[in-house]
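What follows is subunit A paired twice: with subunit B in the first complex and subunit C in the second.
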Partner chain A sequence: MKLSPYLAFAKKSFLSRSAYRFDHFMGILNTLLRIFIFWGIYLALYNGKSEVDGVTMTMVTTNFILSMGLSTVFCVNDFYLPSRIQNGSIANEMLLPVSIHGRMLADNLGNALFQLVFHFIPAVVISVLVIGIHAPASVAMFALFLLSAIFGYGVLWTISFALQMLAFWLINVWSIMTIKNVFINVLSGSMIPLWFMPDWMKGVLMFTPFSSIYFTPVQIYLGQLSVPEILKGFGIQLIWILVFVFLGKVLWKQGQKKLVVQGG
Partner chain B sequence: MSFIEVNEVSKSFRISKRSAGIPGMLANLVVPKLEHKVAVKDISFSIEEGEMVGFIGPNGAGKSTTIKMLSGILYPDKGSIKVNNFTPYKQRKDYVGSIGVVFGQKSQLQWDLPVIDSFELLKAIYRIPEERYQKNLHRFMDMLDMAGFINQPVRQLSLGQRMRADIVAALLHSPKIVFFDEPTIGVDVVGKETIRNFICELNEKDKVTMIFTTHDMQDIEKTCKRLVIIDKGSKVYDGSLSGIRNTYGTTRQLDVEFTTDCTVAPIDKVEIRELDAPGGRKKRFLFENREVQIDSLMSTLLTTYHIRDLTVSEPEIEGLIRKIYNGEVS
Partner chain C sequence: MICFEHVSKFVLSDVSIYIPAGTSVGLIGASGAGKTTFLKLACGLLSPERGFVRTMRKNPVTHRSELGVSMGVMLNDIPVLADDNSVKSNFDDLRIIYRMTEGGYKEEYRILADVLGFGSYENETINALSLGQRRRVELGALLLRHPKLLLLDEPTIGLDQTAKENLRMLLAERQKEGMTLIISSHDMGEISALCERIALLDHGMLTYYGERELLLKRFAPMDTLEVILSGPLPDLEDLPLHSFMLNQNKLTLTYNSNHVSSAELLHHLLKKTSFTGVTTYKSELADVIKRIEKGETNEFYRGK
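The block that comes next holds the complex of A and B.
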């Protein structure tokens, strides 16, 4: 598989992002607002205590700065395929001699790169300056955090990838995507760190795809996981990626036979 | 084995049917009504390399569905398709690099970007070598007179300009086969003529195999030697344009203007219609060309009556096609 067409797609989506500057600044403001609101809530909850259930305030702020920061980079267009199936432009898409899945990914990655440079970095730098953050446990842990964040993105992307295929049957998948996003917001630990969950629930959640998106990288960053636990975390991430890729590919194959090109 | 081989291909869609208004919506929510619509039924044909074939048929006849199956977008339910040794729907990614498709109703250009940017993107997608890209681009731009709007965003183009840009976009990678799905829809007379000439030249000089669908009979008359007519998902005619006249258009019409009002005595196997008032000066004679010799009919009339003017006409292709669509001929 030659890369040049996919680089062109990524470049195009990177460039098209710079077209709407006002929207972009509002996006950064939005991320900062979310981070500061959560900061306010947890300040009130902690009420001057230095730790609750063995979890320090710095750990909590580090968790939401990192996971909300990462969520700005983790670009997934849930409606790439559904919108094209709905308006019929899937036909044009299929006429190009490239993998459509590769194109979806390239499009999102171009966007993600833009977000990383122009959204994540400014938002995180401002948050760190104002609120403060835990330093990474070590250089090695920081490197492993980055790797695990990439896998986390992989999990998030492949969930969306598999669900988008349902559009072949349902055409409109808006509600399915909304439900998925609620699950991710609540169960991934980005709003409520999983430390505060009851132990049995935490035990279950650690095996779901949701916790492996943001919470696994954050735990590695904080140095909370031993080396075997880190390997287990990577294993869980990779297994989910494989499961969703497989599901997506099977649904894609079946869906193509069902495809109806809308509008003539 | 022909270049394009379509063998007993069928395709049907499930479409949901619901009655109008809120009651219909609620009923559909509980028990969805689905209906199978057969788009294409047991169609077979083969096309040789370098041929140019026109596909016509009324709206909803299955033309676009056939094109979409040929271009690897849709799976046939039954039957097989081979194009240039590929099975389009199974080898889509490898296959589509060798074809070009123009959907008159769906642009493949980037809406917000200048035309040339879309072309550059296609160059990367198809990995067109720089030299070939420049050569094709300049040649097509000259032929379609596009220099004036190549740097304008697509959303600001007129329909005719956009169509020309879309045609070039489909051809930059020098495809061996091109499918046109209504390439002249909504284009003015001059624009249509430019597009037709372009299509003809490409077929003649570059030996590109072409299939195109249209509702404009002039498109077909000016470009295609072979015609396939599809109606209600089935092939009803496959042959030359002139063959249609021989098969369906056997009626001839002779319009005569006499110098004075008169009545004409009945002639065997000829239908006489009055174009003016009965007994007037203008009359029309209709007959089958294999039953009545036109020269003997004319000499009969010329020797018996005084004639000012007379015209013989063959039926127009458009009229014949209309008859085929309406099921008036079989």
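The block that comes next holds the complex of A and C.
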């Protein structure tokens, strides 16, 4: 798989986003609003206390600022493949000498890079200045946080990748994507930090793909994980990526088979 | 270039055909005869139930993307371009996909936009275009990268006469460069103008594959000769005519061109009478299709 066309697609995706300036400013405003609303909710819940169950207000704000900031970058187009299956152009895509998965990824990465530069950074900088967050535990932990965040994006992208393949059989996957997004919002720890969950639930959630999207990177950032725990966190992220890539590839093969055998 | 060996799929039944590189083949047949299935098998969008297909010596199902570098495919039920992107953006995607140089791309785009006439709406999104406008852009997108093999399913639907002529000219040029062309169409004028060979499908069976003239002789041999008489009605008894009709002074003779030629008929008439005008009507491909649709060609299969 030669990289050049995919880099060109990522660049095109990045540049096409910059054409919509109003949308860009609204996006930053939306992220800031969400962060400030959650800040208000947690301020009310903490009711002036410095910590609840050993979780400080700063830890909570750091969690939701970073998680919500990252969620602006981690925007995956869940309907890239389903829309092509619905209108039949998937068959034309199959005839092109580039991988459709590569195009999907390039398109999403170009968009993610735009979001990182023009949404994440401004929104996080403003939030840090107004609300304030924990500094990273160390430079090394910050570097590991960035690596873990990349893996987190990988988990999120591959979940969407595998679920999009279901469109070969279901055609309309809107409801499945909605359920997936609810699971991610609730169980990834971005809205409600997993620290507040019962121990048994936290234990289970730490092995699910959801917690490894946002919560693992945030925990590394805060220095809450030892080196073996960090390695375990990376391991879980990589295993989920491999599982979903495998699932997606199997479903893709079956979907293609359905097209060439049944003709649609 | 394309080889089918005892291929069966959906309506297609036991089709064997070899299409050499550089030839142009018109795929004709009534609706539902299996033309689109044939094209989908050739490009690897369908796998055969029985038999095998080879396109450029490769199994098109397993080498679809690889073949995509040198193959252009337009099928009626499959959009070629992204609906929500502009014409220019779609072409820019193709430039990236086919790794064209900036200079080469611009030159080729300009020529195609001029000839096919889509330059004036290049900033419109595809879903805002009319059928004819969209078809021009799709054809341009296929021709942009000079494919070695072009498969077209009813390419002229929605095109006006000028666009049809420009397309013919463009395709004829590409054929001179060695492009193999397979067109499925109900527009027999299109097929006649562009294709040196005809593949005739009838209820999924390949009932004819060969030169166009031979097809007409086999399936539509009845020609018509109209003569405006200025002399008496001649004796036509010993002529191998299918039928004749006299309307005032206009004599219409219908004959099987495999049995007698128009020259022989005229020679006979000249000896017996005099006339002021002559018109001959040759059978056309459209007549073949009409006969197939009426189920009148079975007699030929039995006799072949």
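Going forward, the second predicted complex is superposed on the first by the 259 of 264 C-alpha atoms of A that agree within 3 Å, B and C clash if a C-alpha of one lies under 4 Å from a C-alpha of the other, contacts with A are read in each partner's own complex, and residues count from 1 in each chain.
One rule holds for everything that comes next: a contact is a pair of C-beta atoms (placed from the backbone, for glycine too) under 8 Å apart; a residue touches a chain by one contact, two chains touch by 3 or more.
Because the structure is predicted, anything quoted here is derived from the model rather than measured.
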{"item": "Three-chain arrangement built on subunit A, subunit B and subunit C clash or fit", "value": "clash"}
{"item": "First (subunit B), second (subunit C), both or neither touched by A:21", "value": "neither"}
{"item": "First, second, both or neither for A:49, with subunit B first and subunit C second", "value": "neither"}
{"item": "Doubly contacted residues of subunit A, that is, touched by subunit B and again by subunit C", "value": "4-5, 8, 12, 16, 88-89, 91-92, 94-99, 259-261, 263"}
{"item": "Residue ranges of subunit A in contact with subunit B within the complex", "value": "2, 4-5, 7-8, 12, 16, 19, 88-92, 94-99, 256-257, 259-261, 263-264"}
{"item": "Subunit B to subunit A touching residues, read off their complex", "value": "13-14, 64, 68, 71-75, 89, 92-94, 96-97, 99, 101, 103, 105-108, 110, 112, 121, 124-127"}
{"item": "Contact footprint of subunit A on subunit C as seen in their complex", "value": "10, 37, 40, 43-47, 61, 64-69, 71, 73, 75, 77-80, 82-83, 89, 92-93, 96-99"}
{"item": "Interface residues, subunit A side, partner subunit C - complex", "value": "4-5, 8-9, 12, 16, 87-89, 91-92, 94-99, 259-261, 263"}
